[in-house]
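Order as written gives the chain letters A, B, C and D; numbering starts at 1 within each chain.
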Amino acid sequence: MLVEIFTTGGTFDKLYFDALSDYRIGEPMVGELLQQARVGFDYRIESLLKKDSLELDDADRALIRQRVAASNASHVLIVHGTDTMTLTAAELADIPDKVMVLTGAMQPARFRDSDALFNLGLAIGALNCCPPGVWIAMSGRIFAADGVRKNRLAGRFEENAS
Amino acid sequence: MLVEIFTTGGTFDKLYFDALSDYRIGEPMVGELLQQARVGFDYRIESLLKKDSLELDDADRALIRQRVAASNASHVLIVHGTDTMTLTAAELADIPDKVMVLTGAMQPARFRDSDALFNLGLAIGALNCCPPGVWIAMSGRIFAADGVRKNRLAGRFEENAS
Amino acid sequence: MLVEIFTTGGTFDKLYFDALSDYRIGEPMVGELLQQARVGFDYRIESLLKKDSLELDDADRALIRQRVAASNASHVLIVHGTDTMTLTAAELADIPDKVMVLTGAMQPARFRDSDALFNLGLAIGALNCCPPGVWIAMSGRIFAADGVRKNRLAGRFEENAS
Amino acid sequence: MLVEIFTTGGTFDKLYFDALSDYRIGEPMVGELLQQARVGFDYRIESLLKKDSLELDDADRALIRQRVAASNASHVLIVHGTDTMTLTAAELADIPDKVMVLTGAMQPARFRDSDALFNLGLAIGALNCCPPGVWIAMSGRIFAADGVRKNRLAGRFEENAS
């Protein structure tokens, strides 16, 4: 299995800048976390964007879509902010023959108590097992991309009761 | 999804006893890690055994098998030492109608640099996506239980080229 | 040794609120860190304020001063934001017969890579060894309160070359 | 302040070897921890020994003594196993004109819940503040080298009521 990994920013990669006393998107953490996970598959990592997902615009999503579609890998992981993860997922819906999984984090990976490392494992589990299509790996669950919403108050992804 | 979780010991739960300058199997870490992961599914945790997997005997495996078979949950996670994980998996092979996933860790969950949290996510990913059967979630991969071996030297699970 | 600990907020206690995608001052971390440190002295912890130190005003500093002066403990630790730590230290200068140490953090204690636990140890080292007076424990050094400044760009406390 | 740091092994530097399912002394952690601490003083680190302190013999202690005495630094930190820390400290007692601090850990620095980073801060605090002599920095306290014992059962260093 070769996994193509695109990072786009989001809480997952946030760090803390004391000089300004606020949070910023830092360098992608996914490579470091995959080393910690001692994984036995091949992967490539590319940092496409470094934005809060609320700041992603149409051009950003077009870029993500174009890069995913153009990849020669059949397994693609996208690290993404949680607030608009479902919008980006919808954009990828008609790309054929690829397992595409989006994940993110409610707490930055640099926190001791972060969910990032777990979510990364969850997403890799889905990449191993799921059929082609777009999947969202959050809150310990694998959701079809069009069947999920973020419950911001509860800090959790849930089925989208439509 | 209701996940029944049985812990059996192994590196995953090891702690360090300064009083004797050695390690022991401690209380299961899986509950704490699932809280950190902020998961949105139901689960039960039971500590069945606290052993290095090299010390598990036939009676221990019979106990594990009996408890998995008797569970009313269709999704079962077993936290297990890595050295004989495949033996226990083989024991479960003919239990019908359940997704059963075994995982463990190469470094104790109590270490800063542990693979345990990732492996737990990986296993939960498999529980979400895999069909009924016995699966091993290690090294960033999901293996059919009869198609995998531990490469002790490389510190990694690999396909069992038979 | 009985140590009276007052917390006032600052980076040390910051957490990350995904619901608003920003940070806030959380509950004091010092108690949890002292447990991790397995310390063998007595202490009391009180959360006086929960503010960025840039937001502390004269009334806040008067409160801190009043509470330190009124304490029956001869050893006082103040966890404080770094930006105005020296101002609060100056306010305490004429309180007699107490060892008073201020410390803080450049990275929140909840980060994996935080300096908070080290700085806490450093401050406790100063409380054990220093004579009465006001001391600042930051950047691996113990400074007399009137001989130090924060170099915001370098992210470090330095001697105040006056 | 230039700090000469000698590491000798002990729990502080223990890691976990899955290949043998036991603990070993790994590479010294002190450099990584001082980077995390963002310290503003100069230091040199040398790994003298990699042993449990119960395994240190007279030749080992003679080596430590010789290297401390020969150092051109006036501030020396020794990272040491806790079980015989007081014996090594006694060996250094008559070296003049140096502040010498020994510290260690009850839990390996590689653990999430380790006291190592705190103890390192504590020791650096003592190096900043204490007069020449031999000091032991453990359990949140700074002890004169001849006034302390390890209470193995309690997992704590205490005054040596003689």
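Keep in mind that, in the parts below, a residue touches a chain if its C-beta (ideal position, glycine included) is under 8 Å from a C-beta of that chain, and two chains touch if they have at least 3 such contacts.
Computed from a predicted model, the values in this text were never measured in an experiment.
The chain with its CA mean position farthest from that of subunit C is B. The distance from the centre of subunit A to the centre of subunit D, with each centre set as the mean of the Cα atoms, comes to 43 Å. Our note on geometry: subunit B versus subunit D, Cα centroid distance of 37 Å, whole angstroms. Centroids of subunit A and subunit B (each the mean of its C-alpha atoms) stand 25 Å apart. Annotation for subunit D: residues 106, 112-113, 155 touch two or more other chains.
Applying the touch definition to all chain combinations yields A-B, A-C, B-D, C-D. By the touch rule above, subunit C contacts subunit D in their complex via residues 1, 33-34, 36-41, 106, 113-115, 117-126, 128-130, 137, 139-142, 155-158. Contacts from subunit B toward subunit D in the complex involve residues 11, 14, 16, 18-19, 21-23, 52, 54, 82-83, 106-108, 110-113, 152-153, 155.
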